[in-house]
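Take a look at the structures below.
Consider the two complexes below, in which chain A is the common component and chain B and chain C are the respective partners.
Take a look at the complex of A and B:
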């Protein structure tokens, strides 16, 4: 019974998302993964006037058999630098995906809420402590890092030359790109401290 | 009516194993409880327990909740244009469907809303708590 409701609802929601205006504006999108209605792929355009602008972020969406009585399980596949999203796993800290879920919410409202979360981070309720600390202590560096990640992992506008140069420097020392990016992002783009941390 | 007492389906049980089949998401620790037996209940929205794992306090809470749900009026859908579909299953109401009315006047299929209310005693549309007044009057009577 419950599984029937889940699949039936997702089918109906699909039509809703596809029809809605947000799709026309390329802001949100949902696709099926395979034939089942339990695994979906979402896409969110980075909100304007944020460091995520110009990027397209992919989401992994899993629909539990008990949907809509329980929320969908959503995680970022595209790496993102945001206080409420893990920079390592893509796990999201958002109340409606946990205890504030209501059965009347839909994939469309979830995606729009995530877009709103991208525009208004809540560093006091962090999922990623490192990112939240940077956000609170040095907003300019946070924005620069978030923009760099948008460019690198979400197809955003070309990256900051200074950041790219520092990554290349670390790569010249035999560090892989990802490790270099994480270390520099964590240590506020301080090349010396990042090098020290990597090789210590 | 007692349909809120219905047996759990295998789907409910699969929820308890939540992390099956999405190993790459693996952020949750393994479920702390052994395999459930019998019906599954939800003492809180995110806590599901099989009937033999409920504490006495939870059993009382669930029993009260069932009683309260039965105090909410039901009826049959009369074709009212204001409420066209049940937002839980997103299926349009058909004249004669069994519906339940919440104090905020949102209506749902009885089987849909009862399943929700057993998890969260709020209206899924407006998030209004389903009548604190009802709760008080029930507890004091």
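Take a look at the complex of A and C:
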């Protein structure tokens, strides 16, 4: 019965998201996965004037049986370079998805909050310490890295040539693309230190 | 207020809506003030909070029990016993609203609150059974149901013998039922006759029996054939998957410490560094590792590394690194032995460069590797001048270099 309330509410929310003006502007989108209302796939367009602009980020949304009394479980499927989102698992650190959840929130407000989080990171409450450190210590490099990840994993505008060249240098040595990308991003695109790290 | 009913289609299902000019809500929606923010349905026994928000009584009670007593809308503290008031005014307003069900052929009028229940109890079961696809042989007794056409197609393909059996059965039953039917008379006659002897003249019914048994035989054979084909495909896939792995790995294990490394496409990179001279930057440096090879089947695992750093007089450096092998636990450490490095010249054997060195127990390079690979390597920083590689034509026709490493364990 509890699951039924969750499913019924998701059905109603669906209408809300589909009709909302954000969908018309292609900024957010929600789709069902399979025919139950417990698994959904969301999409967020990268906010303008951020390194995520032009990318489309896919989310994995799981609706618990106790919804809306407990928050949905949301995770990024597209890899993203952001202080509050794990670059490895896509796990999100956002209060409304944890203890600040309220039953009046909906999928639409969750997606809009995530979009707002992308536009203004909170490096002091990080999910990914490496990214947060880069954000605080070297904002220019952070933006370059985030833009590169948007281009590589979220279909953003073409990537920085210098970054791509360094990635292919590592790939020439037999390193796979993802390992190369993570190492270079972590070591501020310093080719020598990244190489050292990979082969040690 | 005006409470005319009108309905809107949503994914094949219809929900009631109130058209209300006074609040200006768009057609097709429940008036927002009658919607519970928690379940998004029409307010059921509405309550008003001290902060001025309306919810269904059950919804807000459940929320306050689960969470630390905050309003789901503005987050103000709420005490379930003091801050909630039954909103009977709104309740009466809702009670007066009625809708007419829009399901084809239903048209029952009812209070708005009862509508959801009516749909789930009267129409949803019908809706649920609809998407199932039945097997086209349903009428003769195949009771399978499917959710999508591809599953259905697979079923029809795979169970053809089952369907033929059903068809044969139903044919038999049917023909028995038809009075005066030739077939039924023949079957009847067959049960009176003694079984036909071998070589006896064939009657029409025995031909039919033969046909039937042949037919059954064809079906079983076809079925078996399909199974065999599937098995063959699985086995050839498995073979394809295993072959490259076993060949490569076995070769590297059984090479007995003699490994030939063909470094592909290196000629152009070397020439680029030579051309660039002083202007060559870090990006054009070369760093390549070979596959891991073994000194004996269960012996030490090594890999070779070549490295070129652009400089005034660039050299090709050649090292080997110890790698973690599966049998490291059983081997003596540090490694002691002799290592020969050879750069093979493709045409003039006199130009082949060969250096032999013995291991030194004091070097870290020969200690057991902790990670995948020992960080310290051993070999020659200046094995051969880069310009010699090009001038004396060490490259093969396709631009690769051949390097041979021989490891002898003492």
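Odds and ends about this structure:
Convention: the second predicted complex is superposed on the first by the 200 of 200 C-alpha atoms of A that agree within 3 Å, B and C clash if a C-alpha of one lies under 4 Å from a C-alpha of the other, contacts with A are read in each partner's own complex, and residues count from 1 in each chain.
One rule holds for everything that comes next: a contact is a pair of C-beta atoms (placed from the backbone, for glycine too) under 8 Å apart; a residue touches a chain by one contact, two chains touch by 3 or more.
The structure presented is a predicted model; accordingly, all values stated were derived computationally and were not measured.
Superposition of the two complexes onto chain A shows a clash between chain B and chain C. Touch criterion met: A:91 reaches chain B, while chain C stays clear of it. Contacts of A:199 after superposition on the shared chain: chain C is touched, whereas chain B is not. In the superposition on chain A, contact is made by A:75 with chain B only, not with chain C.
In the superposed model, A:20 makes contact with neither chain B nor chain C.
In the superposed pair of complexes, A:169 makes contact with chain C only, with no contact to chain B.
Shared-chain residue A:9: touches chain B and chain C both.
Once chain A of one complex is fitted onto chain A of the other, the partner contacts of A:64 are limited to chain B, with no touch recorded for chain C. Once chain A of one complex is fitted onto chain A of the other, the partner contacts of A:104 extend to both chain B and chain C.
Taken together, the two structures place residues 5, 8-9, 12-13, 66, 68-70, 101-105 of chain A in contact with chain B in one case and with chain C in the other. Within the complex formed with chain C, the chain A residues making contact are 5, 8-9, 12-13, 15-16, 35, 66, 68-70, 101-106, 165-166, 169, 172-174, 191-192, 195, 199-200. Listed in rising order, the residues of chain A touching chain B in the complex are 1-3, 5, 8-9, 12-13, 60, 62, 64-66, 68-70, 73, 75, 86, 89, 91, 98-99, 101-105. On the chain B side of its complex with chain A, the touching residues are 9, 11-12, 14-15, 18, 22, 24-25, 27, 45-46, 87-91, 112, 115-116, 119-120, 122, 124-125, 127. Residues 10, 37-41, 59, 62-63, 66-67, 70-73, 75, 147, 282-283, 287-289, 371, 373, 375 of chain C touch chain A in their complex.
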